[in-house]
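Structure, as structure tokens:
By written order: A, B and C. Residues from 1 in each chain.
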Amino acid sequence: MSAKVSRRNFLKITGATAAGLSVSAALPDRFLLWAEEQGMVKGTYVPTYCEICFWKCGARAKVINGRVVKLEGNPSHPGARGKLCGRGNGGAGLLYDPNRLKHPLISTGKRGEGKYRQATWDEALAVVAEKLKAIKEQHGPESVALFTHGTPTDHFLPLLYAYGSENVGMPSFAQCRGPRDVGLELTFGESVGSPERVDLANSKLIVLIGSHLGENMHNSQVQDFSEAMARGAQLIVVDPRFSIAAGKAQKWLPIRPATDLALLLAWINVIIAEGWYDKAYIEAYANGFSELAAAVKEYTPAWAEKETEIPAATIYETARMMAQHAPAVCIHPGRHATWYGDDVQRTRAMGILMALLGTWGREGGVFMGTTAKVPKAASKEYPEFTAEALNTCGYALAGAEGLTQVIREATLTGKPYPIRGWIVTGTNLMKALPNQKETFDAIQKLDLLVAVDVLPMDTVMMADVILPECTYLERHDALAIGKGKSLTVSLRQPAVQPMYDSKPGWWIAKELAKRLDLGEYFPWGTFEEKIKSQCSLLGISYEELKELGTITMPDTSSPYITPTNQPEFNTHSGKIELYSTELKEQGFDPVPRYTRHPQPPTGQFRLIYGRSPVHTFSRTINNPELHELHPENEVWLNAAKAKEMGLRNGTYVALINQDGIRSNPIKLKVTERIRKDCVYMVHGFGVTSKELKNAYRKGADDQGLITRYTVDPIAGSTGMRGNFVRLEEEKKHA
Amino acid sequence: MELTITGANAITFPTLYVWDWRVSLYLFLGGLSAGLAIMTSILHVRKGGALAEGERAAISAPIYVPIILSIGMLFIFLDLERKLNVFWFYLTVQPLSPMSWGSWGLIVFYPVSIMYALATFPEGKRDLLRLPILKNWSARLSKYKLQLAGINFGMGIFIGVYTGVLLSSFVARPLWNSALLPVLFLTSAMSAGAAFMIMIAKEKKVKLYFTKIDIWLILAEMVMLPLFFYGQYTSSGAHRESIMPFFTFSHEYFWYGLGMLLLLVIFPIAVVMKFLEVKEDHEEELTPGALFKMNLSAIMVLFGGLIIRLTFVYAGQLSHLS
Amino acid sequence: MPNYAMVIDQRRCVACMACVIACKKENEVPHEQYRTRVLEMVEGQFPELRMELRSELCNHCDNPPCVYNCPTGASYKRRKDGLVLLKKHRCVGCKACLAACPYDARYINHKKGYADKCTFCDHRIKDGKEPACVATCVGKSRIFGDLDDPNSLVSKALRENHAEVPLKSAGTKPRVFYIKKFSKPE
């Protein structure tokens, strides 16, 4: 009697063979999920880490028949803990975005015209290599700069170095975290890291000043934040806008924009005057207390009230709350710190406050990262750099990430030496750098602009050669080393094979290197080989890593100060510098000093911007799954002001800034949730690339209105919140 | 209050919008055919059948019933999202679903009304039926005229009332959630049936007979409608809010306010007209003028019934509990 | 016999919308249709403002009007675990269930025509997993479990906190409980 082949088994067998025949992307998700429900096919989970934002959450891609049908968080990854935010969940939307870059493209028109012809990889790479060689010959390798963000950095930075240039510019420094990191480094000898080492889950009081955590959806940090809220932690939020976080706060301080430093200094003043600081901690670990005390004497709450419009009693009360709950107080240093040009000093003030309350290295404050060392693989030494890097020119304290606008300036002026070529990987410069006209003009002067990206972003569509990288779900990338409480190693591996003619970043870099006779700097055959060797170096099993996605190195955690675990401060004095000797040496204020910044004239509003929990700025703007939930941004205007101006909720308005730049029409949100002197919108909308069919011209581009910027003299970062706009009703909506 | 919703479905936000004029039309036509069935039964049974003698409507009315019902059912069928699944209505009985009762009721009402139409077909005119099977059945069923009249009457009441019960059973739609709604719908259905009968009847005595019936029915409606709104007004906050569209002429709710106004005008005028028609000293034959007035008042009643169905279906979906 | 319910701790919700997207992916919900939603409510006047964040979904009521009103028996409450589900092949698309639901939990699947809604990820529960929205909730605001098990997370949450059900007066006896955000102290 032949065995009865039930319908289910039969389909399972054919399902397996069909998968082997790989007619992958043809079957729609609907059918596959139904088939899975019936038990006909089984999904396989491929661990990787996400690239929708920079948190690098460990994710598990559910693949059925060669199609990614869902993404779930990897429980082994400390940044995800088994969960993914909305954007991580929508990752497949990027993978299957029909507007993705599919083939290498070579420009056939003027820069910015958007005219391209399809080319083969050989052709495209040959063009790039030829031009790079030409620049090297005529101007020297230092004339090529790399602008980069995210995991492509791991492939293209070595290429840049091998080529002979050190001119890298990462917008994440000069347009985002730079001054924060510099300020904390000057105070504690190190910054808080990214992900930040804030011990929110154990905090008794959280102070958010300039952070809209919640809308700023950073997975594990929000998990900790929610944990703290559920446990009854107190929350103080300082924000001109009633954010999600403010909605949970016991104290919301709607501060007048640009006066945050006044508030911080007043808090320091009160805490010192009342003797609420951690005397033992300061004694043991800090320097410069008396100088600090003298310097902040004038910054009383009464004085601060005049600057910040926050009542003196509130300033006093919030300081008292901090003292009451110290040291389990988390003064969150924020992330995007490039506001008004004195941002290093503002971060210094935050650092000083953290130190006074004794929270650095304590539970509920800022925990100490793992001190476990990551062995470096032996690699070929880079050639001698023939010229001084200009990417931090004039800013001794700028980070190794370089200053993007300095490179741009050099491209425009040719001083100190010309930059003739830009390689742009994984970053949308038009949306990142202030004053778009400068970026545009600089690009016009280049001999070569090559873009490596996944989507036809605004900047990509200006390049001479566009090299399509496949998405994070289709490639290997460098091991992500996490230095939180413990040392973790995470793997990115392809869940599906690259679609169309797109290639992984490592392949592109290696192929370019070959054509530039730099092949020996990329000695491995495939990147997986390099990963394997790294694993053996780290002493972990590659097979296990492939299974789990993330491995936590045991016994690498020592987050808090204990008698046997003393902190080390990498400052000049070896202690926390309340009074910064280094700054004094460089000719800057050793203790932050308040300067008043210009406020908007009547009839104008300060433009402030932020994030949406379902978008990562322009990166996700076209993702159909995320676009659906948030297709356009709105400009928030105070309700009383709107009434005055006769503007109704939902009307479309245009914003015109002080330099006459007019924005795209944008929907007006009339709300009580914002002060009268500023307007707010989510950053990243208003793309100008026609190829992004979902996102094209939806909403307004705040970056276009950021034409005025103040450079922080210490870090070289660009303060971008000093632009004032007026509103005009749009008669017709585009 | 500032409200932002992410993930709202267009079909339920900002208000529910699932049933439209097709459903209203079915409610009206279904009610009309039910009312007509009731009136037809009355026509044939009253005064031992004397009323029906020589009356053209005695033959035509029972035929109109299934025709009007068919048109109504066509519209409600068009409203279904999965029309091919319609047979599922008849593979199960859901005791707590008025829609299930209705679907079964209709499937009984339909053949009953056709049988009644055949039964009341006069012997002399049977040849008009053409098909031998029809002639056969007409002959057979004419014996059971009385019983069929009774069943028809009962079915008419059921069909006229069940739609009201259906709507009133939704706790989520406060406008409909009133015990008075089924009675209102039934009365409106019967009134429409009487009005229709008036229009198709030839004999003066029949017309006047049903005019008298209609007067009572319209008066009943004129009492019930205010009671209905008063009941809603004095019920919970959600109920009170649900009737607001009817009492405003704002841009959003213009049509409801207009509908209410029309009802306030139509019914009193119709009832007065009918009263005068009855009071008037008619000659043997009704004058064209009198006929015109009778038809006009009848059309007004029908129009009023349609307005009730349209406004209630749409306004009911605007109402919500939360 | 498990008695599944959900508790939503509003204090933990940050309106990140991860649940909305995860649900859509897990259940192939068509474009621009949703099985769960997030409401952001702010009241007051600047600067005295209060905020409530709330996510809503089908409550799998114990007295479900959508089940009673279904003329074909397509909508039913499963006795073994209390989930309110739909036999898709029976659905005629009459939309009585949409009209009957006081929570606007249902929609007509615009690709297929049948009425659709949250199923508490029935297919995941039977594999021992949590519903997709619960699994991904970053704030751990959504809690799911068996009311009959005193050690389950839902039972614990309900024991330790005051929870309310939406539209209690409707008499639907919902199984989704809300722990309200704590009010701001004076």
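Operating definition for what follows: a residue touches a chain if its C-beta (ideal position, glycine included) is under 8 Å from a C-beta of that chain, and two chains touch if they have at least 3 such contacts.
Computed from a predicted structure; not experimentally measured.
The chain pair with the larger count of C-beta pairs in contact, out of A-C and A-B, is A-C. Taking the mean of each chain's C-alpha atoms, the chain closest to the overall C-alpha centroid is C.
Per-chain Cα centroids separate subunit B from subunit C by 39 Å. Mean C-alpha positions place subunit A and subunit C at a centre distance of 34 Å. Subunit A and subunit B, compared by their mean Cα positions, are separated by 65 Å. For subunit C, residues touching at least two other chains, in rising order: 15, 17, 20, 32, 40, 42. In subunit A, the residues touching two or more other chains are 629, 671-673. Among the residues of subunit B, those in touch with two or more other chains are 2, 6-7. The part of subunit C that touches subunit A in the complex is made up of residues 9, 11-18, 20-22, 24-28, 31-32, 40, 42, 44-47, 49-53, 123, 132, 135-141, 181-182, 184-185. Of all residues in subunit A, those touching subunit B in their complex are 629-630, 671-673. On the subunit C side of its complex with subunit B, the touching residues are 15, 17, 20, 32-34, 36-43, 65, 68-74, 89-96, 98-104, 106-108, 112-114, 166-167, 169-172.
Partner subunit C is touched in their complex by these residues of subunit A: 29-30, 33, 37, 69-73, 82-86, 88-90, 92, 213-215, 217, 219, 222-223, 225-227, 229-230, 232, 242, 244-248, 250, 252, 254, 613-614, 624-626, 628-629, 638-640, 671-675. Across the interface of their complex, subunit C is touched by residues 1-13, 16, 18-19, 79-83, 85-86, 88-89, 91-92, 94, 96-100, 102-103, 166, 169-173, 236, 317, 320-322 of subunit B.
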